[in-house]
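Following: one structure in structure tokens, then a few remarks.
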Amino acid sequence: MIPLTWYLLVAAALFCIGVYGVLARRNAIAILMAIELMLNAVNLSLVAFWRYLHPERTVGQAFALFVLVVAAAEAAAGLALIISIYRNRETVDVENIDLLRG
Amino acid sequence: MENQGTILALLTALIPWPPFIAFGMISLFANRWKRLSHTLAIGSVAISFVLSQVVFWSALRIEHLGEHPIAARIPWLPVGARPLEFGVLVDPLGAVMLFMVPLVSLMIFIYSVGYMAGDPHYSRFFALLSLFEAAMLLLVVADNLLMLFIGWEVMGFCSYALIGFWYRKPSAYRAAVKAFMTTRVGDVLMLLGIAYLYAQTGTLNFHDILRNPETLKVLAETPSYVAGLSVAALASLLLFAGTVGKSAQFPLHVWLPDAMEGPTPVSAMIHAATMVSAGVYTTIRMFPLLQAGQHGLGGETAFWVVALIGAFTAFMAATMGVAQNDIKRVLAYSTISQLGYMLAAVGIGAYVAAAFHLITHAFFKALLFLGSGSVIHAMEHGHHHAGHGHSHEEPFDPNDMLQMGGLARRMPITFWTFLAGGLALAGFPLITAGFWSKDEILGEAFHGAFEKGELLPLLVFLLLATAAVLTGFYTMRQIALTFLGEPRSPAAAHAAESPASMTMPLIILALFAVLGGYVGVPEGFPVLGALFGQNWFHEFVGGTLLEHPEALPFNAVPVVLSSLIALTGLALGGLVYARRPLAAGEPDPLVRLGPIYTFLRNRWYIDDLYHRVFVQPTLWLAERAVAFFMDRVVIDGFLHGVADAVWSMGGALRLFDRVVVNGIGDGIGEAVKAAGRELRALQTGLVQNYLLVVVLGVLGFIVLYTVAPMLRGF
Amino acid sequence: MTLIQAVFILFAALTLGAGLMTVLSRHLFHAVLYLILSLVGVAGLFILLEAEFLAGVQVLIYIGAISILIIFAVMLTRGMARNPGPPLNNQSLAAAVIAGLFFILLAPVLAGFPWPTAASGVPADAIEALGRSLVDPNQFALPFELASVMILAALIGAIFIAREKR
Amino acid sequence: MGQIYDFIYNLLPYLGMWLHGFLRSLGLSEEAVFLVVGLIKAFLLANFGLIGFAILTYVERKIVARFQDRLGPNVAGPYGILQPVADGIKLLTKEDTMPAGADRWVYNLAPLIIATCALAPLVVIPFGPGAIGADLHIGVLYALAVGAGALVGVLMAGWGSNNKYALLGAFRAVAQLISYEIPSVLSVVIVVMIAGTMSTVGIVQAQDVPYLFVLPVAALVFLLSGVAEVGRTPFDLLEAESEIVAGFHIEYSGMKFALVFLGEFVHALVVSALFAVLFLGGWRGPWLPPYLWMLIKMSVGIFLFFWLRATLPRIRIDQMLNLNWKFLTPLMILNLIGVALVDKGLRAAGVSGGMWAAGLFLFNMAMLIGALALPGYLGRRARMAALAGEAEAEAVEAPVAAH
């Protein structure tokens, strides 16, 4: 049997990888992917908790599903934004998108 | 019974829906179809009105509505052990609101048909108005702070959209943005309060928190580590901040007068009858929390804050109202001032009085606004009527009271209704609703001040009394300038009575403004008291609280006092304006007050202060104040009275200006500028930099909550 | 180490390795492929957790839809993808440190807590129960509706934003 | 006699039992046996796919030839039976080229992924009671999911081979596949809803009446979108020679091309198998042994594919997408809701068995007729409008021409 800790550690690691990606990638799409990674990490821990703490309750899985939906919506909207940005500015490089520079 | 209760709850839950649906349908389908859109809007409000009446009257028949209110909830998000629940709650307080809100709004909706006729964005107006109505009703029937906050914010948006309704006018959209931003300040704090309360109690349901002694006790005894306040006190103060924003209390009152840029029905509905009173309503709702805080740690701090802010605002706004020439701005300031009354009442523990004044005020203030609207309407039409053909040199302002006069003859219905509203506002003894509610507040204050001999009620009483005088004064001034004497402009000369769709609501509201007060006649009152039996309103609404507040024993002194106060104010106004009506082009007699007039006219320069223009006005004011000494001699006897009164305040104000304005004022200004210069470098505009910091913050928290305890363990 | 644990380690390694490559790989298209690989790994872990349904949905939604979407975006913004500059920005080092720290802080907490080891078995009708709970007004009906409305709004918004203005 | 019949009837289960016993007798642990059996099953299924592919190529060419009044392959071996072998040898011996500037790994992996994703669903195809790769209780979902994986392969192929035609082809392919995923998934959902399980075996066992006669709309749409997903005429736009040369696999040759090709055919096989399982009652049938029934039912689907290909012309891409988004998807959503309601209603009324099936069938038929009538009506109106417009135009032009 696999201890719950293993899953949690994997999830945490995946999440941190995602954080790193979000913070360090230049390309907006890449950042989006990193976010997807983070969401997956969350899902993983959700399901792990469901399995080990309350397999008889459906909350864990249900929330994982909701996260999935959110991820889908986020991908759709985010990519649409990125594409329209690309149309206007010929770049999806976050470092060049700094209209708010003080 | 149980069954009936659930049915009632269901009805209650249905109340906010019709306007909301109407909003959707109008904005989607009825866009360029005026008749349909106002039919939809009014129809929907009418439905809500009927529903709420049904609920109200059946709520009356329920024994001990306070203990067993009409309530039902559904789980919204079953998270962990504390599901977020949505639900409806109608306790006595909610019931009276439920009686007032749809009635007033229905009147205003009908009125709008006449007022907005011929506006290009007719449908948008009604769509927004309906959405607003839906939000307001949601707020009233809400059984928890979260729902209340949702309604609250939606109303904020609608207010913004409607103030800026004529967005082509720069002043309009500036006012809109100003209103939105100013209220934001309060709302954020309020949200904090809500979150704090949820974190502490695990529920936002009114009934669970406010009618649950254990919870209150715990809340009152847990320290909040902020200024030595108890959790209850802190939470109630945070929530109160929201009220300060929404109900335009000092120091966040600046937006309300500008909000008059919106169409008049909007001013009547949002900025007089419903939304701004929603702020007060919230405070009244959370009163038990406030009360709990009183006995707990931090003592009466919360009470002091609420009471003083309320009373001071009441006074300040009244003084400002004296010096306005814009008919709507006068009303705006009187609104602020009256709201201050209610909050002051809450602050001195006069729970029922506050609620009472809230209701009556809603009626007569809506009436006044609609009346002024009909006047403005008439002025505009008169202007067109008079003005076609020859051109006008100076831009015409239909709101300027100095341009009016003599309208009483030209538009009798408006005049009489307006008179009724005005007298109610001034608290004309016995025959107006305003008197009873205001009297109850003053009575409570008096009771606390002179019979219990406490300091806070004394201050409150003095401020409120002064404010009452001023109220009477500017009301009379307004009525006189607008309706009496001779027309001072061609427009006024050609003004004509408004259509029935506008006068009808006026009449109905006037009835309530006059008779509404009799539901709260003190029991011991000579003749009338015997006539109406016990103080129904007090008994009913008092039931909302855990321990029923006892009605004050009847005491003639405050009653007489407050009647005198009201009459004095009216008399003064009459002396100055009615005795010898103003001729065209003649300046307002108050100008002779010199600096004080200017000072008031410029609304204490608080706006300027907020625009970080500090120094000049202060110096300027100072030297004028000195000059004021000089020409004091020339001012005749009557002016002495007012002058002395206002002047003695003036001293305090000069101090206020020196210390607050100079010190804090440009202190803040400089600090902000400097900080801006320094921090500018930080704003790279790169999202990821910000994120980096955010994550750092998260790390900080992790350390705080996990690692630190471990270390402490060693 | 039992067989199942070996499988777990395999999937975990797949997930993390691919995830790492996702954020590191210079070429965007490869990044997407690695992302897909990592998602497959997660799906595998789901199966190990006896959440087959989620695993299936994961593959269907993430790999069948989302990653395809991302690939499309990559190709539509080809100017970037063809000749990629340095993949990382100039705060990458700080980011690495912070992410590392994050894990270092997180790990002991997760590992330290005494989690229940032996879990009770998954009920046979887990999937059915899940389905019912999603439409049960006392459980997730409202959030479910909310989610559906949200995704609808997101899609409409996406169409509106990305559409060629003319 | 009876025994022989019984043996033939239950051939596959017997084989399974024998294999299990044999392995146990070798002293393997239960786990190990599980593993080995799994491997063997996988091997068998893969080969089933491969052989099926080989046969299908031949059969298709024969059938299509008959349709077009030709002979078809007839040189290699009697009736050209050995044609597939010849093709195989040719493909194997062909030079394996790699286009310049191709994305090496991606380019090489793509065919593998396509082929694998095509073969994987075979795992959940039941060939009889107890004769299935693995009876997952998310069987159908699994089939759909891994099938979706092929998209990635297609995109990889299109991208990797650094060729604009390939990329365009890949785009088209994915657009088409993803779009038609939706109605097919919806129809599967309907079946799952009625059967109350996602396990393929369970669905087969639930079909006392083949769902073709209970949910005709779903069946039809599933078949239609199946054709589209397999990407065969009339939906073979992803390799429309006339427009984008050969689509995403233009650059592939030799073995890799063979893999892509295999993927396509196996996908067809799988779709028809799923059709058989979901709507034709899978292995169930009188007299004949289950696996034969399964094969027969599969061949029905296959034959339909060939038939369509031989008869219909290719449609335009906009027509294809319109058909999907504006007709099939809404239809399926409505059908889903309707079927759910009718089913609930019938069950609530205590109707079951034949009557229940008849009720659903009637409902579906009504819906189908309505659905088919509507676009016809709309189309007619549009044409009328167009004609009127032309008439006006002429009326306007006439005087102009006179001048």
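Order of writing sets the chain letters: A, B, C and D. Residues in each chain are counted from 1.
Convention: a residue touches a chain if its C-beta (ideal position, glycine included) is under 8 Å from a C-beta of that chain, and two chains touch if they have at least 3 such contacts.
The model shown is predicted, which means the values in this text are computed figures rather than measured ones.
Once CA atoms are averaged chain by chain and compared with the all-protein CA average, the nearest chain turns out to be A.
Among the pairs A-B and A-C, the greater number of C-beta contacts is found at A-C. Chain geometry summary: the mean Cα position of chain A and that of chain B are 45 Å apart.
If you average the Cα atoms of chain A and of chain C, the two centres end up 6 Å apart. Centroid to centroid, with C-alpha atoms defining each point, chain B and chain C lie 50 Å apart.
Chain A and chain D have centres, each the mean of its CA atoms, that are 33 Å apart. Across the assembly, chain D contributes no residue in contact with two or more other chains.
Of all residues in chain C, those that touch two or more other chains are 53, 57, 65, 72, 89, 91, 94-95, 98, 102, 106, 139-140, 143. In chain A, the residues that touch at least two other chains are 19, 23-24, 94-95.
Chain pairs that touch one another: A-B, A-C, B-C, C-D.
Those residues of chain A that touch chain B in the shared complex are 19, 22-24, 31, 59, 94-95, 97-102. For chain B in complex with chain A, the touching residues are 78, 679-688, 691-692, 695. For chain C in complex with chain D, the residues that touch the partner chain are 3, 29-30, 33, 36, 52-53, 55-57, 59-60, 63-65, 67-68, 71-72, 75, 127.
Touching chain C in their complex are the following residues of chain B: 74-78, 688-689, 692, 695-696, 698-699, 702-703, 706-707, 710.
Contact residues on chain A toward chain C in their complex (touch as defined above): 1-10, 12-21, 23-27, 29-30, 32-34, 36-37, 40, 43-44, 47-48, 50-53, 55-56, 58, 61-62, 64-66, 68-77, 79-84, 86-87, 90-95.
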